[in-house]
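Multiple structures follow.
Two complexes are shown next, each including chain A; its partner changes from chain B in the first to chain C in the second.
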Partner chain A sequence: MKTPANGSAFSIQGLKKRYPGFSLGPLDLDLQPGVVLGLIGPNGAGKTTTLHCLIGLLVPEAGAITIFGRPNHPDDPRWRQDIGVVGEDSGFFLRWTVEENLRLVGRFQPNWSDRRARGMAERFNLPMNKRVNELSKGNKAKLAIVAALGHAPHVLILDEPTAGLDPIVRAELLDMLWELQEDGEHAIFYSTHVLSDIERLADELVFLCDGQVIQRTAKDDLVESWRRISFRLAADATLSLPGVLDHRQVRLEHRVTSCDYEATLEALRGLGAEAIEHVRMSIDEIAVEILKGKGAPHVAAR
Partner chain B sequence: MWRLVSTTLRYRWWMVALGWVVALFTAFQVALSEKDKFPLTLGLSLVVASASVAGLLPDLERRDHRSLLAPLLAIGRREVARARALTPMTMFVVGTAVAVSGTTLGFLALGQRLDVDRVFAPVAFAAQLAPFVQLVALVTEIKVAHAEARRGDALVAIGAVGAGFAIPLAAYLSGPLARPVAASLAVATGAALTYLSSVLYQRRISLVD
Partner chain C sequence: MILILSELSQEPLHAQISRQIRTRILAHDLTDDEPLPSIRALARDQRVSVITVQRAYEDLEREGLIRSRPGKGFFVMAIPEKRKRAVALERFTTAITPILEESRRAGLGDEQLRTLFNRVLRGNEHGGKQ
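After this line comes the complex of A and B, so read on.
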């Protein structure tokens, strides 16, 4: 499969969207081919609004969006051939079978391959002859993914695709996506607040809170640099440690959260701290710290 | 655009068929007491059934979140808007054609003479119902325009709904000589409302129903 030679898979520049009591942006975001970008944020952060603007379901107040260099103009359907969209709900014809729905999508996608869609459906045990309204939630999600990929798009946009799924089906879906990204040619934009979903998949993470990007970082860098560190130090020591975001102290025992643990450790050694121990943090824990507004390092001595 | 229209019609065919069965049943009920009235009753019932189902169609599609299917298809907003507006009208036109056929068959079955006025009576009736077919769609557009603070669009849509009621009423109240003119006016109003419904959808800020 060849990806279009137009730089970014998508580019969002200066995107603004306002609702009563909520304002998104100005938002700048781009995604390179072959990259899996996780969009993380609490409910109401603006994830779905961002995605809806990207896929042309919502008209923003300002900003420019391009898909492989082509503006996502709502009246020009060509850019839609480059994207596959999976949402919580996909608007399928419920009384029609999986096969009928896939055939329908195929009629509207010039690059659609029945063979490819059938192959995926078979691989994921999707019952082609079952009506959509008889499918389990997991199979509905699989149908959405097969329908989104049947025309071999270069970008896959996922909006909470595993919402409400049990852990087994969720794992199956993540396996599907894992297989998909193995060829290294698909760009995936994955919006979720279930962080375990993208722990395995994402190359980069964008944290969105109150309509603003508060941090974008490579997942590995994040996991590598964040640590919980415990140590023993004289109780009256004034702590001024680099990278420390959170500090708790009980008598001589201290525990800090650091977003730059190497710098923190060096400083602690300089202060003569004893019994220093550090543990890695999960993406969940890191995300909570970031989204709680603790993204910018500061010293918190208590 | 017509692919979208035909897809929706194929998906909803059983609802129209159900409406037609009810129309047939109604006509048979009338025929039990007044046999001669069967063909015309059948024709008019088929028109009413088709208009009712066609009018409800936009709401049924909205409940199925059909707008969320659009991003999966390589189609533009304009095409979706036109298909949304034309689908109920197409269903209504098909229903009217079936009504004319039903009326004709009814006359033939009863051995009555076929004259143009009587055979095409359902068309004249359908013409006056044409504006009503878009009313549900327009009420939705009023709600959306209001929610999106597009006051001008909301007012236009309210005016259109008013016209949709007033013009067929005027047609009904007009004298027999003016009926063809009034029916033509009602059809033109139906066409205008269909166009307006399509334009208002294209002016939406959010295409998610």
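After this line comes the complex of A and C, so read on.
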């Protein structure tokens, strides 16, 4: 794997941004090269604000942000060469062709390569001669990605890229990202409130709620450590079990949600619980529990 | 390599990958020193994250079924027949233990279990997979 110098693809430290009625941070976040990180949170959690601070669209009240070691300072725009952004509104000229739009974008990027952009357009079946207002939604999304990558950045930032796309187009767009991750040269930071989008692609997930990071985990750890567990036990509802967030009881029957099922099971066996059953949870179910509970009592960090 | 992966399975994705590759190695479908797809290529093919494939390969490496050569990727290990048998035995033991324990708790005696096991074995001896 080729890893550009300077460690992290990006690093955010002590980021703070305030609006009337909303405050983000203090927030720390970093991303290693080649890693796909999903930023998960409900609407209004601060996802877009975080991304906008990262890409220099917003000036934070406090915090240090670097892209491959370079501060994202407006006076020294070299950091922009390493970052590609796919935003909610890409601002293309609707009556211009794809090619004309890409060429315009390229004018603002010192490292832009028309050849690279054309190559990508070809690879992803994006018609260069069509006007943007004639493009399907899927092709518009592809254009946004090609425009974000024409200067060969090593980190790609996507803000809700699949919002409003139908499932087929969404799959196409995700296919593009799969292709991109294969060379190991792109870190991808992907914000979404639709977890199923990123469920398979992401290596790691970070959960944002009310302007705070409430958890960051390798996706596989999450899927492995959470379980719904049912059992029979003659105990009252004050039962305290490790890892358990949610407890329901009907007479002797209990059902709990655990974020550390091995610890929970061990405790249950120790208590002599019977008929223990446990099932895995979907990443969506887990996300709901995390965001609802604002993090686990003791987070499964391995 | 064609793998079948599903989120709906009780088995985590990385375990599905390692199991399916392990089966091929133990059955000699993948032979000694055969190269495996790179982590990222397999991730792309199977539409799973890099970290998921990485875990599957790490597990197989730990079991001594594959090995990595720096800069060249992963290869099936040249494993003696004895070792393959040991892996198969170990996996059989791991798989059968929970149901044995559960059955004992449900009150089945060892003698009964032996009889049952033999009956299942006989029913299965012509290669049927039930």
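The working rule: the second predicted complex is superposed on the first by the 289 of 302 C-alpha atoms of A that agree within 3 Å, B and C clash if a C-alpha of one lies under 4 Å from a C-alpha of the other, contacts with A are read in each partner's own complex, and residues count from 1 in each chain.
Throughout what follows, a contact is a pair of C-beta atoms (placed from the backbone, for glycine too) under 8 Å apart; a residue touches a chain by one contact, two chains touch by 3 or more.
Note that the coordinates shown come from a computational prediction; the quantities given were computed from them, not determined experimentally.
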First, second, both or neither for A:25, with chain B first and chain C second: neither
First (chain B), second (chain C), both or neither touched by A:211: neither
Partner chain(s) touched by A:58 [first = chain B, second = chain C, both, neither]: first
Chain A residues touched - chain C or chain B, whichever exceeds: B
First, second, both or neither for A:104, with chain B first and chain C second: first
Touched partner set for A:83, first chain B, second chain C, both or neither: first
First (chain B), second (chain C), both or neither touched by A:161: neither
Intersection of the chain A residues that touch chain B with those that touch chain C: none
Touching residues on chain C, where the partner in the complex is chain A: 7, 10, 12-14, 40-41, 43-44, 47-52, 55
Residue numbers on chain A that touch chain C, as the complex places them: 34-36, 174, 178-179, 181-184, 199-204, 218-220, 223-224, 279-280, 282-283
Chain A-facing residues of chain B, complex: 3, 7, 11, 64-79, 204-208
Residue ranges of chain A touching chain B (in the complex, touch as defined): 52, 55-59, 73-78, 80-81, 83-85, 87, 89-96, 104-105, 107-110, 147-148, 151
